[in-house]
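So that we are looking at the same thing, I have put the structure below in structure tokens.
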Amino acid sequence: MKRYFAVALGILTAIGGFVDIGDLVTNAVVGSRFGMSLAWAVVVGVVGICLFAQMSGRVAAISGRATFEIIRERLGPRAGTANLVASLLITIMTLTAEVGGVALALQLASGVQPLLWIPVAAFAVWLVIWRVKFSIMENVAGVLGLSLVVFGVALFLLGPDWGELKDQALQQTSHPRETPLTYWYYAIALFGAAMTPYEVFFFSSGGVEERWTEKDLVTSRANVLVGFPLGGLLSLAIAGCAATVLLPRGIDVDALSQTVLPVAMGAGQLGLAIVILGVVAATFGAALETGLSAGYALAQFNGWSWGKFRRPAQAARFHLTIIICLVVAVLVLLTGIDPILVTEYSVVFSAVALPLTYLPILVVANDPQYVGEHVNGRLLNAVSSVYLVVILVAAVAAIPLMILTKAGA
Amino acid sequence: MADLPKHDSPGQVLDLNLHILDRQVLDNHDVPIGHVDNVEVDGIEPGRELDPDAPPVVTSLVLNSGLWPRMFGGRPPRSRMHLVPWSAVSAIGTAIELGQPGSAFDVTWSEHWIRDQVIARIPGGRHVPE
Amino acid sequence: MGLREAQSAVGSATLALTTSQDGDTTASVAETMVDEAGTRMTAASKQATAFKPTDQRTAAQMEAVTQALGDADTAVRHAGEALSGYPGAPSVRSALDELKQSSSDLERLAKKLEPPR
Amino acid sequence: MFLSDVLRRPVVGPDGPLGFVADCRVAVDGTPGQLLANAQLVGLVVAPRNRQGFLGYERTSVSSPAPLAQWYERRQRGSFLVLWEDIESIDDVVRVRPGYTRWSSAL
């Protein structure tokens, strides 16, 4: 019984934890500009993150080695350092976006300027990382984040033309107002939003934090293989709401308020309240995850003591890293930069940095010294090899497309 | 090249670059204390003819000696390296395990300094998260 | 030239205004949304004024665009005032009418300027 | 002497260059130490080209995923192990004694 409960809880937190500011913004932007015609990119991204998280979770459970220890060991100092710098920059960028997202969501709830919320949000993030136990932190944020399901409810209540949405998804025609280049640019953005590197750092380090062993493999696999696709469905619901309400009115999403308004139209006052709660929980949860991930990455790369299962004094450099990253995020946001803009860039850069993280994990998941008998099967290896190509192509194409489309303008 | 004869050595056979460099080092309580950046070997004198009957042995592992020399060559003077004697190593697997607490090695000085100067001074820094 | 941004901002303000009367939470979101639309409008106008026409025809077009953007800017500002509801502010209904007018102006202009695909 | 002083040094045999030092092979089997036996040098792994980074595909039995494994196998083809007794001197270059034996570099 307890076991089923653990599996169910794990799946729920995986769903709630899947959506972060990157998914919220990118899916709404794409829905408002391209309808459902990029739904396939979400599917490709979700399958990718399932593969990636599943492999790194397995490696962490059996060898006890988290992702960045493996990156250092397999890539060596040069490529490893390049990866560390890129991953840290993107993770701090994502952290900035998430903290900004919390502030924007609190603004929607209170009407108070986001600039005033930023230090409050960042302090709260630090306090939770400093004082709250890992499992409680993860479960509370995940379960509250689950209230984003109201996007799905709202979509039903809006009563869209389902045939039309289906046609958009299947025909993949870009909207007449858009060019093919922006279409592909946003395909990569959606891919990056679903396959953010920090999710993998967090997932594998979380496995070490919660002391997974071989016995937990089934649970972790269920979390990933059920939770993430359902989280992906949530992403599609966000895009669907935008496609139904905003696309016909010619409104391009460039703010969080436009993302949640369709919920107010479909599910009313109560729906709006729930969705704002969901956005706060999802962005706050993701801010915790990105803050920790920055610490995990640097500590694991340098071989420092890390983890929330230790007292802060026993992982001093790890906690100092997190504090510095949060301060950087606050300083960046206080310049008045639009967090939505930071988000849009962070998801694309995520796609750029993926290959160097994906490759060592794929290799180690095949190494019996690390995973014993649980090496990748044939089918998994075939799919992962195809994904290696997909990830490489996306990474190479991202920056040129960003320049050519002026970042999707 | 697959038909070259295979050399069998007794005991655990390791390639230093492959199995030791850049591996995580854990103390006797499984606390990470660093990564291996170099390995010290005795019994080789540059330019001198080597003695076939006296193979060199590994004397110490060098921890966190900085990434710069790893990336661009060269190495810091021995006095600036954090050495862990081979005799302290208790097992080699996906990580290198030591038989003593991390505080016995000078590589952990920055951890201790940041702990004493910063982290332990913030309220709650010495408590287990709840 | 900022037309698309303006259309999006006017649409956004219209939507916010029509849903604002549902309740307190919606009103707060709507206010934020109109605020943001105002910021976008300012950016769009700036973009248009930075554009230097090279011949007479584009100069004439630019004048029309600047005019339409200015109207849209006013319409969005009025929407914000209507929402805040202080004395002397335009009514929500008249603000909506103004937005609707501006939206159709922008659309007509966009159609005229857009090269046929 | 440090490992970094040996790695990637050119290796010269009696008839000319052989390649570069790719790795040092040790066996944990000498005189018993405190916790683990001493690690004694067995020999040097010599590779024809001076390249870094094989993601661990070199010399291990890992052969999947196939496309990656084949790519790396091709890149490091031709490497071999020279035993300690066949090494004459180690300096800026590593000299190998005449009549040395090439052993398989496989682990």
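Every chain is named by a letter (A, B, C and D) in the order it is written, and numbering of its residues begins at 1.
Keep in mind that, in the parts below, a contact is a pair of C-beta atoms (placed from the backbone, for glycine too) under 8 Å apart; a residue touches a chain by one contact, two chains touch by 3 or more.
This one's a predicted model, so the numbers in the text were calculated from it and none came from an experiment.
Shared contact partners of subunit A and subunit C: not a single chain qualifies. Note on interfaces A-B and B-D: more C-beta pairs are in contact across B-D. The most distant chain from subunit B is C, comparing centres defined as mean Cα coordinates. One finds 35 Å separating the Cα centroids of subunit A and subunit B.
Separating the CA-averaged centres of subunit B and subunit D is a span of 20 Å. In terms of their C-alpha centroids, the spacing between subunit A and subunit D amounts to 42 Å. Rounded to a whole number, the gap between the C-alpha centres of subunit C and subunit D is 71 angstrom.
Shown for subunit B are the residues that touch two or more other chains, namely 21. For subunit A, residues touching at least two other chains, in rising order: 76, 78, 369. Among all residues of subunit C, none touch two or more other chains.
Pairwise chain contacts present here: A-B, A-C, A-D, B-D [touch as defined]. On the subunit C side of its complex with subunit A, the touching residues are 4-5, 7-8, 11-12, 14-16, 19, 22-26, 28-33, 36, 40, 117. The touching residues of subunit B, when paired with subunit D in their complex, are 1-2, 4-7, 9-18, 21, 38-50, 52-53, 55-58, 62, 69, 73, 75, 86-92, 99. The residues of subunit A lying in touch with subunit D in their complex are 74-76, 78-79, 359-360, 362-364, 366-369, 375-376, 378, 381-382, 384-385, 388.
Of all residues in subunit B, only 21-25, 31-35, 63-64, 67, 70-71, 93-95, 102, 110-112, 114-115, 118-120, 122, 124-130 touch subunit A in the complex they form.
Those residues of subunit D lying in contact with subunit B across their complex are 1-7, 22-30, 33-43, 45, 56, 58-60, 77-81, 83-91, 101-107.
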